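Worksheet: the structure to be examined is printed underneath.
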Amino acid sequence: MKYLLQRIAFYLFTAWAAITLNFFIPRMVPGDPVQALITKYQGQLSTQAIDSLYVLFGLDKDKGLWQEYLDYWGQLFHGDLGLSFTFFPTPVSEIISSSLPWTLLLVGITTIISFFLGTGLGVLAGWRRGSWADGLLPVTTFLSSVPYFWLGIIAIYLLTGPGSFFPSSGGFDNGLVPAFDQYFIPSALRHSVLPALTILISSVSGWILSMRNMMVTVSSEDYITVAHAKGLTDRRVAMSYAARNALLPNVSGFALSLGFIVGGTLLVEIVFSYPGIGFQLFQALGAQDYPLMQGIFLIITISVLVANLIADVAYLLLDPRTRKEG
Amino acid sequence: ACGDSPNANKNANNGKTADFLSIGMPNGTVTENNNPFVGTSAGASLGYRWVVYEPLGMWNNVKPADPAKPWLASDIKWAADYKQLDVTIRDNATWSDGQKLTAEDVAYTFNLVKSNEALNIFAIPIDQVTLNGSKVTVTFKSSQFTTWHKIISQIPIVPKHVWEKIKDPASDPIKEPIGSGPYTLKTFSQQGIVLERRETGYWQEKPAVKELRYTSYTDNNAQTTALATGQSEWSFVFIPNYQQTFLAKDPEHFKVWAPGVLGIHGLYINTTQKPFDDPTLRRAMNMVINRTDIFNQAEAGYFHPELKNVTGLPEGAGDAFITDAYKGQNFKVDVEGAKALLTGAGYKLDGTTLKDKTGKAVTIKLSDPASWSDYQTTLEIIKSNLAEIGIAATVEKPNQNVWDANVQKGDFGATMRWTNGGSTPFDIYQTVMDGDLKKPIGTAAQQGNFGRFDSPEATAALKAYANATSDADRTAALATVQKIFVEQAPMLPIGSDNVGGAISTKNWVGWPSDSDPYAPMQPTQSGTLDVIMHLKPANS
Amino acid sequence: MTSIPDAKAPAAEVVLEAISLTKHFPVRRKLRDLFSHRKDAVHAVDDVNLTLRRGQVVALVGESGSGKSTIARLLAQLYPRTSGDIRLHGETTKVKGGAAFRRYCSQVQMIFQDPFASLNPTHTIRYHLTRSLKIHGNAGKTAEDLDRALIELLERVQLTPPERYLDKFPHELSGGQRQRVAIARALGARPEALLADEPVSMLDVSIRLGVLNLLRDLRDRLNLAILYITHDIASARYFADQTMVMYAGRMVEGGDSETVTQSPAHPYTRLLIDSAPDPDRLAGTSDAEGEDAGNGEPPSLIHPPAGCRFHPRCPFAMERCRTELPVPLEIGDAPGHWAACWLYDQNEKAEVAQ
Amino acid sequence: MTIPTSSIEQVIPGEGSMAQPETGKRGKAKRQRFRFVSNRKAATGLVMLAIYLLFAIIGPWVAPYAPDARSNDLIQSPSGAHWLGTTHLGQDVFSQLLVGTRSVIFVGFFAGIIATMLSVLIGVTAGYLGGKADEGLSALSNVFLVIPALPLIIIITSTLENAEDWLIALVIGLTSWSWNARVLRAQTLSLRRRDFVDASRATGEKTWRVIVFELMPNLTAVIASGFVGTVIFAVLSEITLAFIGVTSSTTWNWGTILFWAQGQQALAQEAWWWFIPAGLAIALLGTALSLINFGIDEFVSPRLRSAGKTKIKTIDGRTVRMRIGFTPVLSNSPEPHTHARPLADPGAATPVVKKEVAP
Amino acid sequence: MSDPVLEIRNLNVEYGLGDQAVRAVRDVNLTLHRGEVLGLAGESGSGKSTLAYGMTRLLAPPGVITGGQVLYHPEQGEAYDVLGLSDRELRGFRWAETAIVFQGAMNSLNPVHKISTQLTDVLKAHRPDMSESARHARAREMLKLVGIAADRMDAYPHQLSGGMRQRVMIGMALILQPQVVIMDEPTTALDVVMQRQILGQLIELRERLGFSVIFITHDLSLLVEFSNRIAIMYGGRIVEEAPAAAIYRDALHPYSKGLLGSFPALRGPRRELTGIPGSPPDLKGMPSGCSFHPRCPKAFEPCSGNIPVLGRPGTPDGPSRSVACWLHPTEQPVG
């Protein structure tokens, strides 16, 4: 309990520091959102629009950075993330809430599948050393080193096209509206297959390797020998004794990767035109959309922290040694 | 059970010949914002604001000198000094909520723009708006000769009865747009927007396309792939090697049309840096640039149509504006001529190095953001062109924000950039040469004249052109401007903008083309509605 | 400067003294302790008095966790003490770092329990010894001086020929050899007191003896004061002049080794001695099974029992033991033999007698 | 963000209760430190890396063309003149690849060095000092862990006027040290509890000497593995940055190649030679570095090392698979292996597995 | 002497194969009789643990059994070679017939499972027809037997003290009532008081349940007190084997003598301690002949040439003991 409280205090501090950094760093970037917007349209937007845009974005009044910072916190406490510049005047919260689910579903589920699949294969490879499972290792090492945007582009080139089952871009068929019905769900699933596979292929090997190594390490623990000496079945020794213990160190890695779901998938979303939050962030970066950037960073920060908190709790549940009585 | 699903009619659509049109733009994601005045809205980014809201008239960018085609206004009349506009509003138009569109709505719209600086995106100095029955008279504080097309074709007319109730028209996302156009918003998702045809009440014959499906692709690649697979039937996007990557995929149906317009791209030279303050040097540079190479290699042979005339005005759209003196005078690569010119002016070609009058080697830094691959390619080509007269160029690739700031502050050697565009060459030349826009080095020049070109003569001529009250005055002023532009080469024009697009005629035909350039073919232009009105099913 | 002078001072001079030395390790506070204003602590060492004299070995025995190592580290000034006093040559010393600490080190050196862990696996023997010589200015001026000093050190701990060992890494040596290196390193500072924290418990049976004999030899030749910490009471008898017994952070008995091991006074000492493996028991020469007082766990050091800390396990526990902290009492069978047990209070004896 | 997969155990090389007193020659220990080279994975990785390093050094000299030299062979497929074909400007892809190696390797290693130095400084200090200093430094590294590295790098690089390689490397290095610092801190914490640290303190060593000369040498493997991990991350980051066009310094790297290829839709133009090789080069460099890291892992953790060989060959050519819990039995003949009485046969002292099987 | 339950014949164990091989156990012959406590002593690295795990094939890689037999005599029926059992048979054999208490109890218990789970999963594996509740009852019974309150059933290993964990392991070892219990240094990590308690308890249980014990330690004085017979290992071989008292009173092998002379006695006169000079042998480069001869104070000329065979010495109590030393020429080799 005390452990948890301590963690929470620590998390609050980290959150404060991260949010503060997130506020100041983007503002170091030269130029301003209006210029970025003009430039983005490369001539489609004439320079006469500049003045009206300054007025529109409320950038015509010059506030000090410090005042802005204070205002930002004031807004945050009211749950207000401000209005995006790129999508002016859409509130940042709206943008996030419409794109976050996509990322969470695609990358979240893929990360989870990747973790479980990789862990499962890792358990096999670690337990059945010297068997076919060893053949996985060189392949996975190579795959884990492939830049996944590159893999994704090749997949799009090879697997999509007219008449292909796989669409080349987007989160669902054009003309559909997100809804839980028999048209939308299959379409969304179909659109998620390739990006998911790309992420899966390049991330699963990490789990396989680390789990395998943990299995090997744990396998030589005395209690494994004891379990064998007890005459337990191979399955039981492998799962309930070896894998159960080998899993523990991976849990924190898993939590960390959960936290990076939001921030780490930028390129998959770019390559597959997936309507997720990573791509929004990328756009916001290009357009110097401070409010959107801050909002997304806030989400990322919070999700990393929450994931870590979950990992702490999971650890607490999984490893009885950390559970202190009283 | 699924009857109430918004996707329920999907299968029906897939069954027979498509009665929808898929339009795509590579602009990244969009958010639900249909405010027709706001450039950041989904409606603006994808262009569908022009099928929901309509302008007073249709201006054809491809033929900029032609008068506007009457649209909501049945009659458009400009005073000779272009300080007064008289429009008559047609009486059979209705809003999609059934109410009648009246001159009052038009007057309201102009007043709205006038009183809201944020909505006045063209900074139009509206003076008075007077309503007289179905007639509206608008007066301006200055001549609108160079901006008339914006007023006529780029101000969407909005319903007074709806907009009156909106608290802050500039920042309202207008979730349920009510317009006079033939389409209404059916569904919105951040990836796809569906507009459906108004079955009744449109003032002209309703279009053949029943449903417009807009998709915003994240980038050019995704958009091009969508075009090539037929997912997108209409888009405006740069397609590298378009013959192979696009046309070849379905030669029968896939088409690209890219007419040039009065808005160009060129190499701005920082005229404050020595020795580039010397017009002779700039002219010599202008003579060695291989525009054909650039057109073919950097612009895939279509995207920024090659500028041929020395005035920097594009073929077609610019023809009407070329001064007699320069008619038929085209760019050609003339290395020897350039060398001669330089030697004559006191430069010395020392082996492969050009030395200026003081004996210093001439070098120049070309810069553009890394992510604009066509500009980058262009710079690479220019670099090797300049090498032929001994100018050592280096290409720098600062990131976009830095580049932006640097260009505005005059902290660059030379850079590829665009000019503003319009219905006359004014915008082009103003962006390059207007002394009023000039700022000292270090201060951001936001509106133009990034190269700090200092020519009071040009400034005066530009002013004269914009405020002239007769065509003769205009021709004279323009001739001066063009002369300065050609002789002093403050910017080396390379290619023009285009308002074309890539299309598929598989389902729909009737697109504008070289033989019938009735409208721009870029889905985000206000002319898009005119294109849609022309479309007919392919198999009928 | 290169030879280590034998015997700096007359025997029996007090080198290092601990006076009611106390060390409490603070325990991290739990949530509920936020409200009670109590601060919990591990009472690792409480009120310990100890005297190390030149040329003498004092053994400190006691079960695992009774605070023996903590005393050693306190004496080596590796931990700050909670209260009490440490006197070097009669002078109170309290050093934390810097030159004062180094001065202290040069007189009091410590040998660690585990020779496998106390040498840095990445450095050669030469490095270890050179450092110890250099820090305390015993390396001489030239490279030859240093070499000579190194060789002399190794010879002193009977690692011969020295050249064979100088450039080895710790893992290339056997446990006994490593422990000798550790001792040599301590000697490199030319200390007057040596704190040996279980110097042989990690060593193999067959090499233990060699190390102990070496220590004894050093005591005799260099007139060192040695604190010998062990839980093997038999080796204390063999090796030490004096033996002190610790239980749960407190001294419970002390006296000369032979007396303490042969006629233990405190019930805990008796339990300890009864528990020690005794081959003769089989042969029937030893007296019958001692009372099984062992059932019971050592007490918590965070909330140590009031009164005598041994009372929950003590077969002779009296009411008084539960409440009153026993004071060291003279036993009387041999000079200097004492026990902190109420059984030896004259009044109690009288009562028991009645 | 890559999650480091290495699971460094708290094992110090060449140590442990099993260590045998060795009577070998001097220098053996030194060699032992480089023993991990004899690990097959590490050796493969090192050889591959060496090839990359070689090209990083000589690449620009041996490249047949200047990487941005245009020619009239636009989008040509691989041929004798252009081994890996040409780009839309007629540039030689092979030369771009060769020249680009230097920047990739430079950024990878420079960023790796910076991040490693920071992580050592922060992680080891935090672990060694403990208390308030530890809490402060841990909080610092956690903040950096929480901020997503790639977007942060994108932002910071976009403040740079001209994103030169060393600047990019600096930014990557400055933002990617935190994970290693955390690992190092944990390692240092466990090392600090080891006796030799106290022993050297008790000898009178100064704190900085304890950290630098006593702790750090024992962390070499962990530091090395963290370094290699950061190099992988830095290489991928640099390439990603170049690929999305956020930075593309004036020098070539593989990301630049991919950027151009993607911008020109190389694959759609069926110019696979433009797109595939750069990706493969990245993947193989990554593989080489990962292999080295496995080597370090196995070197550091004897358990993994011994797990390396799972099949052994007996003298009579049979292969036996090693399994935990079921020790292989090569023969269960009740015959003694060494015959005591028969003469002093020198071979008898070091017997080998006999060939004959049980009768 | 009673009948044998376990006979080890010429057991050879190596770590690794080929040139790198370390022969950790060499031609070991040893017989465990029903109901006895057989002590196995020797300095660290002499191969005690290797022998114990080798005979049940529990050695971790790269351990390999290169030869020998381990004959097990069940209470009823024919003796069979444990090394020849199939994996399945071996699983059934393990724990039901021979149970092992490992060196460190902390590491022997799975840290993430309750001790009840770890106790009952033995039963689940070997007595599949036993009901859940019966299993728990049995587990509780075993804990009581080793003196742990039944309410600690649901504790996790880390919640128990070292002594308690060791007891849990002993209880677990006895849960299937095996014939043989192998204990590898069960008490080294504990202090003497705890050690005595646990060993006392074990001896008592053995008397009640009648299993045989192989008790491994390097603490000879402990062995002498607690075991019936003692075998002493050096360099992978058994160098002497005799009843405990006989070893204590007069060990024949100089190494055994040296071991005995290394322990200071707590009681009785302070005798001179001799110790053993030199350092343990390197298993990779064993000296020729008797591997102890370089350290042996009594080494003479044959020692360096020939390996002495373990055999009955010519002493009066010869038939009950054996030794491998040229000082005591063998009348009758064992094994």
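Just a few scattered comments:
Think of it as A, B, C, D and E in the order they're written, each chain with its own count starting at 1.
One rule holds in what follows: contacts are C-beta pairs under 8 Å (C-beta built on N, C-alpha and C of every residue); 3 or more make two chains touch, one makes a residue touch a chain.
Worth saying up front: this structure is predicted, and the values here are computed from it rather than measured.
Path length between subunit A and subunit D in the chain contact graph, taken as the least number of steps between touching chains: 1. The chains that touch both subunit A and subunit B are D. Using mean Cα coordinates as chain centres, the one most removed from subunit C is B.
Across the two candidate interfaces, D-E and C-D, the one carrying more C-beta contacts is D-E.
In this assembly, the C-alpha centroid of subunit A lies 54 Å from the C-alpha centroid of subunit E. If you average the CA atoms of subunit B and of subunit E, the two centres end up 91 Å from each other. Inter-chain centre distance (subunit B to subunit C, centres taken as mean C-alpha positions): 89 Å.
In terms of their C-alpha centroids, the spacing between subunit B and subunit D amounts to 51 Å. In subunit E, the residues that reach two or more other chains under the touch definition are 53, 58, 60, 90, 279-280. Chain contacts: subunit B has residues 221, 225, 400-402 touching two or more partner chains.
In subunit A, the residues that touch at least two other chains are 29-30, 153, 156, 220, 225, 227-229, 270. Of all residues in subunit E, those touching subunit C in their complex are 43-44, 147, 161, 163, 190-197, 200, 218-222, 224-225, 244-245, 248-249, 258-259, 262-268, 270, 273-277, 279-280.
Residues 20-23, 306-307, 309-310, 312-315, 320, 322-338, 340-341, 343-344, 346, 348-354 of subunit D touch subunit E in their complex. Interface residues of subunit A facing subunit E in the complex, by the touch rule stated above, are 220-223, 225-233, 236, 240-241, 244-245, 248, 318-321, 323, 325.
The touching residues of subunit B, counted against subunit A in their complex, run 2, 5-8, 10-11, 13, 20, 22, 28-33, 35, 38-42, 117-123, 170-173, 187-192, 194, 211, 213, 215, 217-219, 221-222, 225-226, 229-231, 263, 265, 372, 400-402, 404-405, 408, 418-422, 427, 431, 446-448, 497, 524. Chain contact summary for the complex, subunit D toward subunit B: residues 68, 70, 74-75, 88-89, 157-163, 242, 244-250, 259-260, 262-265, 268-270.
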